[in-house]
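The same chain A turns up in both complexes below, where it pairs with chain B and then with chain C.
Our next item is the complex of A and B:
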């Protein structure tokens, strides 16, 4: 409690929930908060690269002092009515904030009341103080499954759910979802990516029909476990977003076993992807090996991304990773945490956990590295030492991320470009 | 903060301990002595000033605020016994919203309405709800609204516990301009040892007793008439007790920052007293020394 955090790079749980909900097509978040909670999260993302150029059109209750004193539930009731007139035919998701949670507004009762009046309203209560953006993602997805998912009409043995990539937080979230979908479609599957697709809402409804849920980070586990417990959808937990041909092969192999796919469905696809990947890698790797590009690096990122980039650099480019600073809170599962730390320590000489700008910048200042893969918050310290810098994590003030990817095969190629260009 | 007009005094204490009764009688006694007095009930129950105004209807500040109309002092105040200006902050519906913030907003509104400039009170008494449960209820002693607080306590452990909590709040806020403690008002004094318990507690915490108010039927009888003791039974001994208390509070300028007991110390202290009282009732002779 007594420690101060400087520029913590993680917004609050409401911000996490909101940016996640915004990525679900036809879902309209309604922020039950004082003015500022929603828009500040948005402004931060606009500056940080994941909402560049986007306007803010999120309805909210704009609570004032009188609502804090007398309760803001009736303001929410009124706002839901208004919203249903402006955004017709959508589903509304009420999110609450610190203030409305602390004065005890009964959001659930208001939601029930609206439902009784025929409005499609659901709620996810992740007031900011619960945690940071990761918590918000984790719990809002869980709530969406809890409230939207229907019992399966029919199980689909070629349908998979994809979770654990955080819209608004992972810079390349949408591009990565698209690339992973392309790969899984390539071996004959249908994929629920939930976010960034027009079918988002209906994918939440039918998630129970899937034969497997794949999580690319621990932040997808909670929802995956729910789907498994409630609808018998088994889960495959990855520790990072697959990137490069080996990781893609690994993924495909595991999915093949889990779903019992015939070899002929995957073999052809994998060899085409291998050829594609190798072709571009062969341009890049000589450049890297014979130049200063190959010096040791520091990675500043959430844990699933740290794994992803560290493994890729090492396997394909022979670039050693000196330091890793992990910027999300590890899972609370102690064993899982130990295991992750151990594995990270195999990838880098030094592993730190920190969300603090100053602390991480000091690491940049003192580590024996020649470049930094991180967020703009490390850029200044890197510049002081004339180290090259590349944006791979939020916030990236100079970046604009629409559907750029660093995942799978095409994303890996695009990473190679970025890596070489960023000098 | 501009120069305060009048002395602003907050009265705290455990729920039901006699804050409103005592505050109203102090107000009545001060008014009777010729002072201009405002009593502000800072309690959603809005019953603080009942006995000063014969139980007449008085809309609360927050009721008016909720309706959103322009508010005038006349709408939310009424002149009671000997011209005591009675005001009730009011609060939200129970179980909804934030009463602490409500009291804060009500008091701010009174300042905005220039209440004190217009009425020019000698004394302003704030009768503040129950225990100091959260930051909201500490506002009257925190934001320089009052400069002194009194706490009403009986010799019951829970009342003393609440008093000790108030001491903690004063201790926390006094260094940054919050109110200091004027003293403890010992209420409902009955059994022989109840005085000793309160005396001992004040000694342990570096505070003093502002006055002892006996438990008396006159208080309840007056209340049933909708009046203070000062008004209903002006000749009674109880009325004089309140007059003396009022005089003390009016004149006392020795304010202290109390040293609250830690939780464990408070528990040990209470247990010691438990033993003493047990011995006393069981007739153990050396228990007498506590008297």
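Our next item is the complex of A and C:
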């Protein structure tokens, strides 16, 4: 695989950290970088369908040449002092950048200094060169727990944390969080979704009181492991975002066992959800049987989403998945990576890892498929071959995703509609 | 390259004394920018804003027969997604990682150049610089002689993201690179043509199309460049009959150099905004091509068609805060007056000595209206509007969230035309929509809100004179 990327879709660690922080209500990110770093990410998300963020309103130190030469720490000090006087927010989060990291600005010292003066400031060091948006999500989430989470006043045996769905990256992030919250609430739990909710900051503070952390992708593992080690919150790691009644039942069953929930709390709920899901699936059934919906597909998505869509297509629609192109970098854990690859290969004839537009478009051009589920970057190659295309991955240039979901039960029905309409 | 240009260009701050930070009134701005030196300002509180790397990628990604390599971390090319959506012209990133920030990224650049050449067979490969490369001092220029086997010109665009306060420098650097490396010494004016060079740098296609409509009506041949143009057509610019610039702040450097180096006359025009602006624009160009009669007929015909709607003065009695480039502000002023409105505030991303002249003669505008010179910095604009409310905020940049926060109705012209007669129709249509929006439900709050204490402070609280 080439080092060079054509149309990089994964941004950098700073972009990942920033878009994650933007999704936390009352948290004001302060970007310690040259002026354009944050704008690059914002422009990309605005085009790519996930720009539900703070955009040009984000405070940034706008480092200039003299800060690069003489250091930008004093500029950060000045910025923090002034940000707290202008922007409504309960906490300010300093994010560093390639430039400030390379010149050696001591962001943590500046943060400590601000805290000593009584300002609610925390920091997360995710210079762009450390990785892509996934790394940014993973590490800023960890830093938010490290710096915001308080020791539990009282453990809550029906409270769960939900991690691993990436705001700004997963097109349906907010809708999926809402749907999974609906399901877990339906079996009598309280849920910390952290992002896209007005209670985000307080949920970070009380995450230690939870009885379980559920991760929907590997990108939530690091933070979940921290909560486990520090506050004894056990983790349940899922390989994908649950979608469709069978995966929902599987999730509910696992949660029931972990939390010791009585059967009467979950049985009724699952019956109603099954009836709801089956009703809509049966409405769609006559169409699903038609051959034009059944041809082999290619999925271009991050690994947790690839699992999600491939399993759904196979289980409910009987659609074979010919090719999967995984667009995020797998976890650094080699055993876990091998295991995931093996499982993906059971779902698709060919599995590739790439985030390069050209490489993936070439796969689209040569695969034996009739449909592509991916991002707008594959649309051109799909069009060349007159293949149908459906947007499931970032970037999707066709519009703005607000709270559409592809998770759980209602999200699965919504996906079914999208799938049938996209032919 | 031997065409009389220095390889590196002087920054805009030094060349034109451009300032990007100011907050005051029209009167204080004119006073403070009087004389030989304009004292630079800094802001002690800033929001993220566009830099020259983004500006350079924006214009380069619109050029065909070229490949663009952003030499830096993948995130430095992220805005390329946005421009790819518009132009379908992919860009490459050298995808530098932490190791490269220590050991240098030359090998990755070398690989990217080979890849771009093999995959795209471009005539030119542009290398866009980024902060990591600038700080690391990667010697891109000396590498360029190592590619003899590649039949494409390799052109460095020396952006770095922190040496200038204005994003316009990105456009300057692209235009300079086009002149120095692409047009360069081989440019010959052996066969001059009758084509009018229209220097367009950042204009959206809707505005270019509106200008094309005007020239098509007069049967005047033209070529837009460099925005949306091919390398071959850009090279032909030296043959042009004359050049005009759609936004002087962005493209005058190119037109002036074509005149200086290749004797292509530079016809100074004003933007075709509003009836008066369009009339003036058409007459100037028609005179060059001796098509005055056709132009007068076109003006008569179009103005007659628009008279009803314009003379109804849909903005009668309305106060309007305008955000546009300084070159466009005087024309927007006359246009708003044609529609019955009154300029009540100005937001511009920069101002230089030449713009100041135009601001001196803004017609029928109170010298006490607020003027903010800033790229972005929405918190200051919110402050100004809280003290000097406007009915509408007209913006060609499209970041109007601050208007809604302060009860003004935004008229966003960033994705529509406002040039020529097509532009007048579009703006009238936007005004009608804005009227309806006034009746719309307004959601409470926003993603970010400002403290009441800030809105009571003077809006220039965080703008200071630069020391030294």
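Quick notes on this one:
By our rule, the second predicted complex is superposed on the first by the 415 of 423 C-alpha atoms of A that agree within 3 Å, B and C clash if a C-alpha of one lies under 4 Å from a C-alpha of the other, contacts with A are read in each partner's own complex, and residues count from 1 in each chain.
Heads up, the rule we're going with is that contacts are C-beta pairs under 8 Å (C-beta built on N, C-alpha and C of every residue); 3 or more make two chains touch, one makes a residue touch a chain.
Just so it is clear, the structure is predicted and the values come from calculations on it, not from any experiment.
In the superposition on chain A, contact is made by A:58 with chain C only, not with chain B.
Applying the stated contact rule after C-alpha superposition, one finds that A:391 touches neither chain B nor chain C.
In the superposed model, A:40 lies in contact with chain C only, and not with chain B. Once chain A of one complex is fitted onto chain A of the other, the partner contacts of A:408 are absent, as it touches neither chain B nor chain C. Judged by the touch definition given at the top, the superposed model places A:102 against both chain B and chain C.
In the superposition on chain A, contact is made by A:14 with chain C only, not with chain B. Measured by the number of chain A residues touched, the leading partner among chain B and chain C is C. In the superposition on chain A, A:200 contacts neither chain B nor chain C.
In the superposition on chain A, contact is made by A:68 with both chain B and chain C. According to the touch criterion, the shared surface of chain A, contacted by chain B in one complex and chain C in the other, consists of residues 65, 67-68, 102-103.
Partner chain C is touched in their complex by these residues of chain A: 2-15, 22, 28, 31, 34-44, 46-48, 53-65, 67-68, 78-79, 82-83, 85-89, 97-99, 102-103, 127-130, 132, 357-358, 376-377, 380, 395, 397.
Within the complex formed with chain A, the residues of chain C that make contact are 43-54, 69, 73-82, 84-85, 88, 90-98, 100-101, 108, 111-112, 115-116, 119, 131-132, 135-136, 161-163, 165, 167, 375-376, 378-379, 399, 401, 447-451, 453-454, 462.
Those residues of chain A whose C-beta lies close enough to touch chain B in the complex are 65-73, 102-104. Interface residues of chain B facing chain A in the complex, by the touch rule stated above, are 62, 65-66, 68, 91-93, 95-99, 101-102, 105.
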